[in-house]
Every structure is written in structure tokens, then in C-alpha cells.
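Structures incoming, each one as C-alpha cells.
Here come two complexes built around chain A, the first alongside chain B, the second alongside chain C.
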Partner chain A sequence: MAADATPHAPPRSLEPAPLAGAPAPGAGGDGDKGNGTAASTALPGRARVSRNADVVQTWASLIALGVLVVVFAAISPQFRTLGNLQQIIDAAAVLAVLATGITFVLLLGAIDLSLPGVIGACAMTVSLLVANSRNDNDLGLLGVGLTIGLGAMFGLLSGVLSTRLRIPTFMTTLGMSAIGIGIATILFGGSRPVVLDENLNAWATSRIGGFTLMSLIAVAAVATGWAIQRWTRVGRYAAAIGGGEDIVALSGVSVARYKALAFGVAGAFYGLGAVMVTARLGSGVVEAGAGLDFAAITAAVIGGTLLSGGRGGVLQSMIGVVALTVLANGLILTGVSPYVQQAVQGVIVVLAVAVAVWPVRHRLGVVK
Partner chain B sequence: MDDDTGTSTPAPVLAVRGLTKRYPGVLALDGMDLEVRPHEVVGLIGENGAGKSTLLKSLVGLARPDAGSIAVRGETVRLRGVAHAASVGIGMVFQEQSLVPNITVAENIMLGSEGAGVRGGLFRWKRMAELAQVQLDKIGSAVSPRARTDSLTFAQRQMVEVAKVLALEERTAHEPVVLLDEPTSVLERDEVETLFAQVRRLRERASVVFVSHRLDEVLEISDRVYVLRNGRVVAEVNPAEVDATDLHHLLIGRESTHSHYHDDAQQEAAGEVRLSVRDLQTAGCDKVSFEIHVGEVLGVAGVQGSGREELCRALFGAVPRARGQVLLDGKRVKLDSPRGAVLAGIGYVPSERRTEGVVSAMSVKENLSMAHVGAVCRGPMIDGRREHDLVDKWVSRLGIRTPSGDTRIGTLSGGNQQKVVLARWMISDHLRLLILDHPTRGLDVGAKSEVYELIRELAASGCAVLLLSDTLEEALAMSHRVLVMKDGQVTACLDAPRGAKPDPVAIMEAMV
Partner chain C sequence: MTGTHTDTATEPTPPREDGGPGPRAPGRSRRDLALLIMPTVVLVLLLLTLSTRNSDLLTADGLLALADSAAPLMVLAIGATLVILCGGIDLSIAALAALSSVLFAMWIPSLGPAAAVAVVAVGGLAGAVQGLVHVTAKVNSFIVTLGGLALWSGIALVISGARTVPVTDIGAIQWAFTDVAGIPSAVLIALAVVVVLGAVLRLTPAGRWVRAVGHAEQAARLSGIPVGAVKVAAFTASGACAGLAGVLLVARTFSGAPTLGATLLLPAVAAVVVGGTAITGGLGGIGRTVVGALIVIVLRVGLSLVGVDAGFESIIYGVLIIGAVALTIDRAKLDVLK
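Right after this comes the complex of A and B.
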């Protein structure tokens, strides 16, 4: 079919006909600055949109969470019990730690798909370092520390590979995930190591004030993550790099170094998450991290962390974590089929991303 | 450093000698000599391509000169990058805003050199704010260091950038040299006044290099002005002794009009109107109205920020939220997508050839048939033979030097790539208007001449052409009429018939 040059459609009128002399309508409802010349107010207005988008997004996430809570509470009496609250927090613990970690990577504007592999390798590692059914190790907390360190090494490696070899993080971390699964499978060696360390098993079982030890560890980890984001160079620079990598580089900051460090921080949180999963399962499992990458990214995005970087943070991601957990919990309590639940989660993440980029959609340009 | 009010010339803070930088096909700096003395504002003016931006880049270590030297306080330096330049006391306020929007003002000012603001790896926010406040106080800015940067107006951000550059002082133990690259291009008149007040204050503690397209501003603020042309300094003037007209003459130079514009091929334009634009309104363009006739080349002249780039992108439907009435052969065209523009018979040759003009990993063939794949299709499938024939026809017709249609276009020279881009639009029988955004940018003289010839042919065949030129000379030589834009508005429209081209000075006066 030859490209026809004449548009056959009847000439539809251009929508807002510009009125001579009338003040230019502010670009998209943000114009509270006095209208000077229409052309030049457009630029500051755009900056304002993104500023507002930040606040709007956080509120939107909170409101969405509120709506979920209200709806489920209205439908299910079981939902509105203290016991269920404790259950939700316990169920959110692992995801909260992982989402805290991945937030640092997403702030950069990068992506991290290494989570399943890193968790697999770390889960096998910790189960073989603490008292277990396979060997005579009994390193206890030291084993936990080493595992967190291993997670950090994985992250650093992803970061260094991405920055030094200039491979997209999408690809390096996907490869890193496969490497992690490979290592985990070798460590697994055919028989599952059962965790015999009482202290570690107690993470999932013993309760303080009705909350599992794991919930409290998660809260402490999230607080640490928030502190890293707020007070350390790696945290601040991660956000700055996401906001304008070239500018940060032009200021003389070694962008590659802080990118790698941000991946390292993320990896350390994955390591802790792997320990928590292992405590919950009571044994080392290769697939301990399956699906958690999607859940962690979903949580961060629902909370308002922008995949293009520079926006969001640990606390915002936590809104997403709680929202996802409440959703799963509520869907179960209201009797929705588990088969449908996953589809619902998928729909929600796409919607969340659409809402998040809506205010800035004109500036995104080519979407890949 | 001593305050110098005497008549003797003080030793320069910054001395550039014989600086030369060659890019492929372009001699960007051709033995440039200039110096900056303590506590003075040096103005730099020149047309696009005169070498201003390459000079500035060399001064902050973003470009490595091929020859010549840069001396700071008498010591020759080879600058390795922005951080290195900063360590010897040279800082630049970049033309495009160089602040990270999503962090605080204090962080931006201190970025990369937090000093006492970070201790033991931890940010001390109070200390950061105090340190940043010191810099903000130097220029008397009322911006809060704790404010998020994207909550500021453009003028405020420009001040923060200056404060950021001033923070250099703390690191060098010398008074810095501050390079301001087009700092006023996004500012309103009253904001410019504020900036100028700050620049005068800045002069007390630093030397300033001020680059602007706006001559009146350069004359107003500078103590000395260098006029650049073709990569060298062609004049050093005292602003008190010259007026804008003198500068216009210096800017344009005397050598001009070459036969490579194919002047004789300029034909009379037909009477009927091809494109009529009324009150086009978009970011950077304010109520622009004009017409182009069948077979006419309309040049659009203007400096950076004049809105002419925005104008041509808007006409091609590539700018969101453009409004206005656009009639093509009397029919309304919606400005909502490039697709719509192509269907209406509009073609666009973008200025960024490598990123927007060609897909360098694809073949000449694919690049050529890209916009009108329909022409080589049989049903839903691309007909290989038809495509092949079409490409062969155009390759020989335009003299595109390529081994074959299957060659990767990225391996061809710039001129041949550009000819493919032109052919992409010329293959359509329905082409009514071709928008050329800097079609000869980065091409050598021979390739330029060939492109000019093609433009003449196109116009002769009845196509209307909207031409944004690299140089004023090119716009004048190629166009039937020249539209002059300034600050988003049309300030003049001059006839440029063959043999009676208008005086470039008149156009320059309407531009700046």
C-alpha cells in the first residue's frame, strides 16, 4: 500500500485554538507562576511537574494502600485482627529487606535481575555454614555475616562488570543470577542441608510482643537501608546519578565507583534476605529466590520508585511492600483463587508504572 | 591577588596560546590566542562554529587540544577533565543546566567535594547547609541550601550554578576563573539584570569569561571582548569604543559568496502558497506565522534559543502540545505526530544525523526506504526486487558513493549518509515540504556543495523547502526569503532574490 500523501480524514479542528492575547494556559495545570511571556514560562513549569510528581506519587501509593486496607477490612472480619497484622508484617519481612536493597539499584536508573541467583547461592551458603545436617560447620552468627558479605560481593561484581565492561545492567545481572543458581546447585550437591542452628531457626519461630524475630530484624534492616540512603555517599550519589549521571560525572565524582557500591549495598541486603528465607524454610533451597526479583521490583515501583532512576527511596518502596503483602493476604482471606492472585499482581504492577510515569510521559521519549 | 585599577596590564590568570583542535572534517580551533586577566569580565562572541564551545571545552578538560597551550597563572597545564580543571581554579557554568534536579541545593553546590560536609562517610546535613550557604552568600542569593533543586526557578538555578563554581575557591587557594556559557539564554530580562549584578559582584573575587549570542549583553557586561571566527580570534575590542554594528561586521567577516551555492540555479518561486503557518505556539516558539510558496526555499535565521529548532520540529509533529493553524496546500495538518506529517507530504532531515538521521547499524537500502516502505511493498511483504531497484535508482541519481545498497550506512562518509537521508524523502512523489535542519553540519566543502545542488533541484521541482542553516551566509545564498527569529518570535522577513541578496548585517541585527 503506497503511503498516501493526502490525509483523507476531514479536517478536524485543532483542539485548543490559541486565542490572541489570552494568557497561555499553564502547561498541564502546574502554572502558578505569573504568566510572563508564554514561551519562557514553559521551562520552569516542567521542572515543577517532576517535583510535584514525586509528592503526588507517594500520596497515590499511600492512598492505594489505604483503599486496599479499607476494602479488605470491610469484606473480611479476619483481616482486621491484630493477629493478621502480625502475620502481614511477618510475611512482608523478606520482601521488605530485598526491596530495600533493590531500591539502591533502581535509584541509579539501573535494574537488578540477579536476585534469584544471589539468594540461591547465599541460602545454600548460610545453610552449610551454620550447624546443619551435611557438615560439621557451626559458625552461627559469623556464618550469617559471611553470607551477607557474599551477597555484597555478588552485587559488587555485577556493578563492576556493568561499569567497567559497559554491559547493560539488565544483562550482567541476568547472567549473575544464572551464575548464582549454578553455584547454589553445586553447593546443593544432591542432598538438602537441613538447618540445625537453633538461633537461626528461632528467627522464624520465636516472637517478641507477638512479632516474629524476623519481622524485627527486617525493620532494623530497613531502618539501616534508610540511613544509608540518607546519610552516606553511596546513598546520596545513587539518587544523584539517577537524577543526572553526566552532571555528577562533570562534578568530578567517580560515577563507576558509586554505581558498583550501590550494587554492593543491594547485594548485602539480598544476602540477609537469603538468610531469612533459609530460616523460614529450615533448610538450604536452591530456588529460594524464585520470583522474588519480580516481587521486589514491583514493590519498589508501586511505592513510587521510578525505573528511570532518581526518584523514590527505601521508605517509598516499603509502602509498595506492605501494599503487595496486604493484597496477597487480603486475596487469600477473601477467598480468591491462588491462580488468579498472580495475574492480579501483574496487572497491578503495570498499572502502577503507568500511573508513575503519567505526569512525565511527554519527556520520556523513546521507550525501550 | 591584588586589586588592579592601574593602567599597566596585569599578568593574565589564564593564557591561551595557539590552541588548535581538529575534529573529523572540521578545524574547530585554528591557533586561538587569548588571555584573561584578574578581576575582569571577558566577553566571547562568534557565530555557530566559530570555536566558542570547543574553546570552553578545552578550558575545562573536556576536549584535548591538538596543539597550543593553556597556562594558568603562568604555569602550563594539560587539563584532564572537569575535576582537574577545578583543582587549578577553572570552573564552568554549562549552557544546559548542570544541576541534579532531585537532590538539595547544598548537595549540588558541594557535589564531589563535600569536604567537611561529610565526615566518616556520613553526611552532616547541618554542616553541608552551612558550607553551601557560604557560597550562596558570596553572590547574595536568597535560595535555601536545603531546598530541593527542582523546586527552584531557572534564574535561581543559574545562581546556584554560579555558587557551585565559586566553591572552587575553597579548593585552590586562588581566585577562580568562571566560564559562563550562554548563561542568559533561558532567562527573562529582569532575571538577566539579577545575573549581571551577580557577575559584577563575582568580578570582585574571580575572573569571568562570558559567552553569549546576545551582543548587547556582551557589550554591557564585558570589560574586553574577543570576536571569534573560524576557530581564531579576529578582533579584540573595548566595548566602550564599539557598537553593535561594528561587531556585526567583525562577526560575519568579508570573504563570502562562493559558487558552490549554485547561485545560478536559483529559480523564481511560484505564486501559490504551499505552507501557511498561523500563530504556531509551542515551548520556545511564540505565535509564529509565515508562508512558504511552491518551489521556494525559506531560510530561517536565528541564534541558539531563538526557537527555530523548535519551530521545525513542531511543524513535523515531533513536539508535544504544539498549537496553531498549519495549512498545507490549503488543507489543515494536525501537528500531533511525525507519522501524520509524513502522510501529509512533509519530510524532515534532522540536525543530529548520527542519532536521528540514520540508523547506523542498518543498510543504505533500509535507511533509504524507511519512511516510505509502502512504496516497495507488495501486499504486507517488502518486495526485495522493487526495493533493490528503487535504491539503485536513487544511489546513481544522487551519486551516493557506496559499495552497494546492502552496505551498513555507518561506514559511509557524512556527506553520503546525508544524501541517503535526503533520498529517503525524495523518493516520495508526494513530497510537498522538506524541512532541513542544519543539512550541511559536519560535512566537508565538496559534500556541502552536492547537498546545495540537491536542494536547488528539489526547489526547482516544486517542493517547498524550510532551511535552517549552520551559517548566515548559507541561509542567504540558498534561500528565496529569510525569516529571522529571536526569542521565539519572528523579527524580520527579508527577500533574497538571486543577485540581490540582503546585507547580512541587517539580518544579524534582527537576530541578536
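Right after this comes the complex of A and C.
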């Protein structure tokens, strides 16, 4: 029964090449080749095959991004300007931070649907903690720090509830999203708090070297996320847990603890993302996070982070973030309704996941 | 209304196809029984508590009004129950209902009342597409339907221009808000859905197939059940129910709203799990969801009666979902938790 329900848990590491061989849409074709090499050389050179698969994956995502850029540059003269490049990077800032966070959850093989709620609650919190039109608080950076802490608490709670009550994460985080939206609605209390803190508003307005302060903060946050993923136990174990949870547990790691911590790290990034959204909007908005969960998941998946866990990373997700932002930017410049983007994202996620599992679909036992 | 859940009373009797450990079987069935009775008890207690604050609630008119407002949610949640019984999840129902409401409002001028049939068909088709993708490409149902959620609400926003679409010809939806023998027609439609789907599940092999797939998919496949077809059928029914729910919503608000989806998913999921259907599949039934939907609506009415902040409603949905899932889930089926 154990083997039925988790068809690819123990031999997961045998399969990286075919999974990664056909990653982003538009990069098909090399899936079969990868399949053959993985089957023949899997055991002796497992680490190298896995590394190669990562490289193939990353290049495929980069090529997809390149194709997008070339196509839009050819169609739209406005697209190929320096100003538009800055605009794309500024527009990508929030999504970059959120995608960094959600990457930790996706590495686990879990999913996080709590972004709209967590961002709503954090956006209301930060707008009420810094100088604002509703109360006399003026905590400045301390308020930002507290908000990031609140996001981390939300994430930890999602993680602890999932691991202790043994509930699938999409259910826990769906519930947490509702709780966050509820808290945000209560904090909202009928009148929108306008942010009067000059320093926070400057995140979106003041520019250094052509880029907004927010973009630079996002770069720093992504670098921090990458460092956490690369050099801390939370990050290393997150990928290991996603690759084969039972093996990690057998080797003596407290899986539940590190899962919860990974959710906590993710939550902290959502908190920062909420602060950035608030700085951009200039006031606390309950629906600040609407749709961002899906955008973040899409970005991570395009970048090559597998929803089944264990593969991908912060930097790969960034490729997806840029690709998604370029897509949004290009669609607007070529005159397509912004609502089409949402529909396109929906198709992309399903397509990317389907393409990734297509070569091995017969080996998957039960898919719920 | 509570009497309708009797169709689930026979549930603990079928043999456990999942080959669960023998010694735990008696404890499980006691737990099953508790899960069967608890939601009804909660519903009755809620109603009694609320009737102390508002004595009109327990009159025939009060209960009918309650059932009337519960009808769209009930239809929506019943469809989702079928997918959950198979062991999957359909997160797209609310977005599909929103799209259906827009389509219905837009098609009334050309099709008249027949637009309702067309909308239900489109909903069913959308559900079937999701089911086919899930079955043939072996993509997790929550990912497929999450993608569907984005796709359907995106389409709804595009074709409506992100505005609510008013119904120009009220006559075409007259049928949906008239009373038949004193009972609102929306309630009758919801009851008809319950009866039809309940009969299909009880009187044809479909019910056993769905539960078998949910309990132990491999065993079901080996015993010759057309697992893929069962799943696609469940998704199709779920989509059609979402379409019908969209129609019922238009009849309540006289307009199609592309952004409805955001507010409907949580109550619908809450209705299913609070009713006692386990999200691990196999355990539960339509009758339970009827009770669950009534609980959600009574809670909503009750909260506004007591006068608490609207934010608490959302928090309660969240807590209810997490709590009810924790109570009903069958952990024997989850050896690695994702």
C-alpha cells in the first residue's frame, strides 16, 4: 500500500533526467533522449545525472525566456527600450520575493495557497503599524520587521498544522488563507489606512541607478533566499524532504520540524512581499494578495521547480518570475487584455506540469 | 431537510476495499457513525441556538428562506462532493460558477430560458476537460483545477470586460424565483439535483464505483472498474453542478458576476468537509454535503444576526475547513503527506 500511494518516493532520484528533459512549454523534444540516459546510467552516476538534468532544465527555461523576449521585441517597438527593461524589473520585484518564498514550500513537495490571506493580513498590519491615516503608530522599520515576523508566524502555523494534524498542505493553506483574509477584513474596519510613512512610500518612488528602491530590496531578498536554500539546514533539508521524505526521516532528521520551518521561511518572504505591495499601493488593501498565489506558483513551475518536490530552487524560480513578467508586459504592449494573462497562467501551469510528468506518466501509480 | 442524509446510512457496511488493518475496523466504523451523526447534531444545535435570538427562524417560512439562500451553495458543493469521493479535489467550481453566471446573463437575450441548459452543458464540458487532463496526463487534480480556476475566471473577466452583466429580460429567469406549492423553485432544483444524483449513486453501480475509486484506486482498477471514466464522469458532474449553481446565482442577483468565484470556493469546500465527507475519498455522500451546506448558511445567517464583523465569517470558514478535514481525514491512506 505504501508503494502504491507514493509511486515515486523511493526511486525518485532515478528519474530526474526524463522529468527535467521536457520542462517548460516550447522546449519539448529532448525528453526521450534524457529518458534513455537516465535509465542506463542512473545508479553509478546519480549525482552527475541529477546535476546534468538541472542544467538542461535551467537552460530550457532560459531558452523559453529568450524566445519570449525575441518574439515581443519583434512585435512591439516599445518593448525593446531601456525604459521598458527597468519597468519589467520593477514590476517583477514583488513576484520575485513571493516566488522566493513559495519555492521553499514547493521544494518540500507541498503547496501553499495561503498567499492571498497572509499578504492581506500583513498588508493591513504594516499599513497600521507605520505612520498612517488611521492611528498614531509610527514604528517605521520596526513595523516592517514585525510584519515580516507576522508572515513567518502564519507560515509556521500552516506548517505546524499540516505536520501535527497530518492534513494535506493545500487544505491547511486554503484554510489559512481564509483566516488571513478574515483578520485583514477585521483590521480594515471600514476605512482604508493610507500610508504616511515617507520611508516606506519611498520604496516605490525613489530610484537608485534607475531602479526603484523596491527592486533593490527584492534583489537583496532573493539573494538572502538563495543563501538560505544553499547554506542552511532549512533549505538543504527542504529539497531533501521533497526528494524522498521517508529516506530523510530514516536518516534521523526531524522532518516535521524542518517542514514547518520551511513554511515559516516562506511566510517571512510573503510578509516582505506584503510590505512591498503596500508601499506600491500607498495604502493597506485587504485584497492585496489576490491572484498572487497563482502567479508565484506559475513562476516557480516555469522556472523548473517541480510541484512534486525536491527539484528546483530560488534562482530557477527567478527565471520563471522574469519570464512571467515579460509575458505580462509584452501582452499589455501588444494590446492584449490584462485578464487574458490570468487565463494564460492557468493553462501554463497545467501544461508545464503535464509536460514534466508526460514521459513517466505510466510509472505513476495513483494520482489523486 | 435533515432527513435527506439517510442515503449515507448504509455506508459503513460495504467491505473495506483498502485492506485496512483488521483490528482497527470496529473503531473506524464507530468513528464513521460519529461523523455521520455529528453534522446533523451541530446543525440542529445551531438552529436551536439561533432561534432563541430570532424566533421567526424555526417557522416554515424561515426555514424555507434559509433553504432558498442555501440552494446555490448546495448545488455547487454537491458537485464537488462527487470529485472528493473519488479522492480528488475540484478547486475550480467557484470560478466555473462565476463564468457560468456571466455566460447565462449574456446568452439570455438570444436563447431565453434555454440559456440555462446551454450553461449547464458548458459547465459539464469544462469539468470533463479538467477530468480528461487529470486522467490522461496524470496531473494532480488540485493542480489541474487550480489551473482551471485561473483559466475560467480569466475567461469570465475577459468576456464580461470585468463588469457585472445585468440580465435584461427578467422574464427569462422568472421560473427560477417563483414558488411552486409554496416552496421556492431554487430549493426544488437543489432537491432535484440531490434526488437525481443520489438515485444514480444508489441505484446504479456508479455509487460503488466512485467510492471504490476513492477508497483504493489500485484495487478498483484491478477489479475491472473503469477508473478513468469514473473520474472524468465525476469531474463532468461537478462542472455541470457549478454551471447550475451559476444559473441559480443569476436568478438571485439578476446579474452575472465574473468575480463571484473568490467568495464561493471557501464556503463550498467548507460545506463538503463540514458535512463529514473525507477529502481522502471513499467516505461521505451527497446527503452529508446537504447538511454541511445548511450548516454553513445557518452560520452565516447567525453571524449577521449576532452582528459580528464580516471578517469573522472568513476566519470561521478557515478554522472549519482545517478542523473538519483534521477530523474526517483517513490517515491510513496518507503515508507521505504532501
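The rule we apply is simple: the second predicted complex is superposed on the first by the 307 of 368 C-alpha atoms of A that agree within 3 Å, B and C clash if a C-alpha of one lies under 4 Å from a C-alpha of the other, contacts with A are read in each partner's own complex, and residues count from 1 in each chain.
Here is the rule we use: a residue touches a chain if its C-beta (ideal position, glycine included) is under 8 Å from a C-beta of that chain, and two chains touch if they have at least 3 such contacts.
Nothing here was measured: the structure is a model prediction, and the numbers come from that model.
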**OP:** In the overlay, answer first, second, both or neither for which of chain B and chain C A:D136 touches.
**Re:** neither
**OP:** Please tell me which partner, chain B or chain C, touches more residues of chain A.
**Re:** C
Subject >> Contacts of A:Q341 with chain B and chain C, given as first, second, both or neither >> reply: second
Original post:
First (chain B), second (chain C), both or neither: which does A:G175 touch?
Top reply: second
Original post:
If you stack the two complexes on chain A, which partner ends up touching A:G252: first (chain B), second (chain C), both, or neither?
Top reply: first
Original post:
Should A:R233 be classified as contacting the first partner (chain B), the second (chain C), both, or neither?
Top reply: first
**OP:** Could you list which residues of chain A make contact with chain B in one structure and with chain C in the other?
**Re:** 1-2, 4-6, 246
Original post:
Along chain C, where are the residues that touch chain A in the complex?
Top reply: 18-19, 87-89, 133-134, 137-144, 146-155, 157-158, 162, 217-218, 262, 266, 269, 273, 279, 281, 309-322, 325-326, 329, 331, 333-338
**OP:** Spell out the part of chain A that touches chain C in their complex, as residue ranges.
**Re:** 1-2, 4-6, 9, 108-111, 113, 117, 161-163, 165-172, 174-189, 245-246, 290-291, 294, 297, 307, 309, 337, 339-347, 349-350, 353-354, 357-358, 361, 364-368
Original post:
Considering the complex alone, what residue numbers of chain A touch chain B?
Top reply: 1-7, 11-18, 20, 24, 27, 33, 36-40, 42-44, 47-48, 50-51, 54, 230-233, 236, 239-240, 242-244, 246-248, 250-253, 310-311, 362
Subject >> Touching residues (chain side chain B, partner chain A) in the complex >> reply: 81-83, 86, 94, 98-103, 107, 111-114, 118, 121-123, 148, 150-154, 186, 188, 279, 281, 283-287, 307, 320-321, 323-325, 331-335, 340, 342-345, 371-372, 374-375, 377, 428-432, 487-488
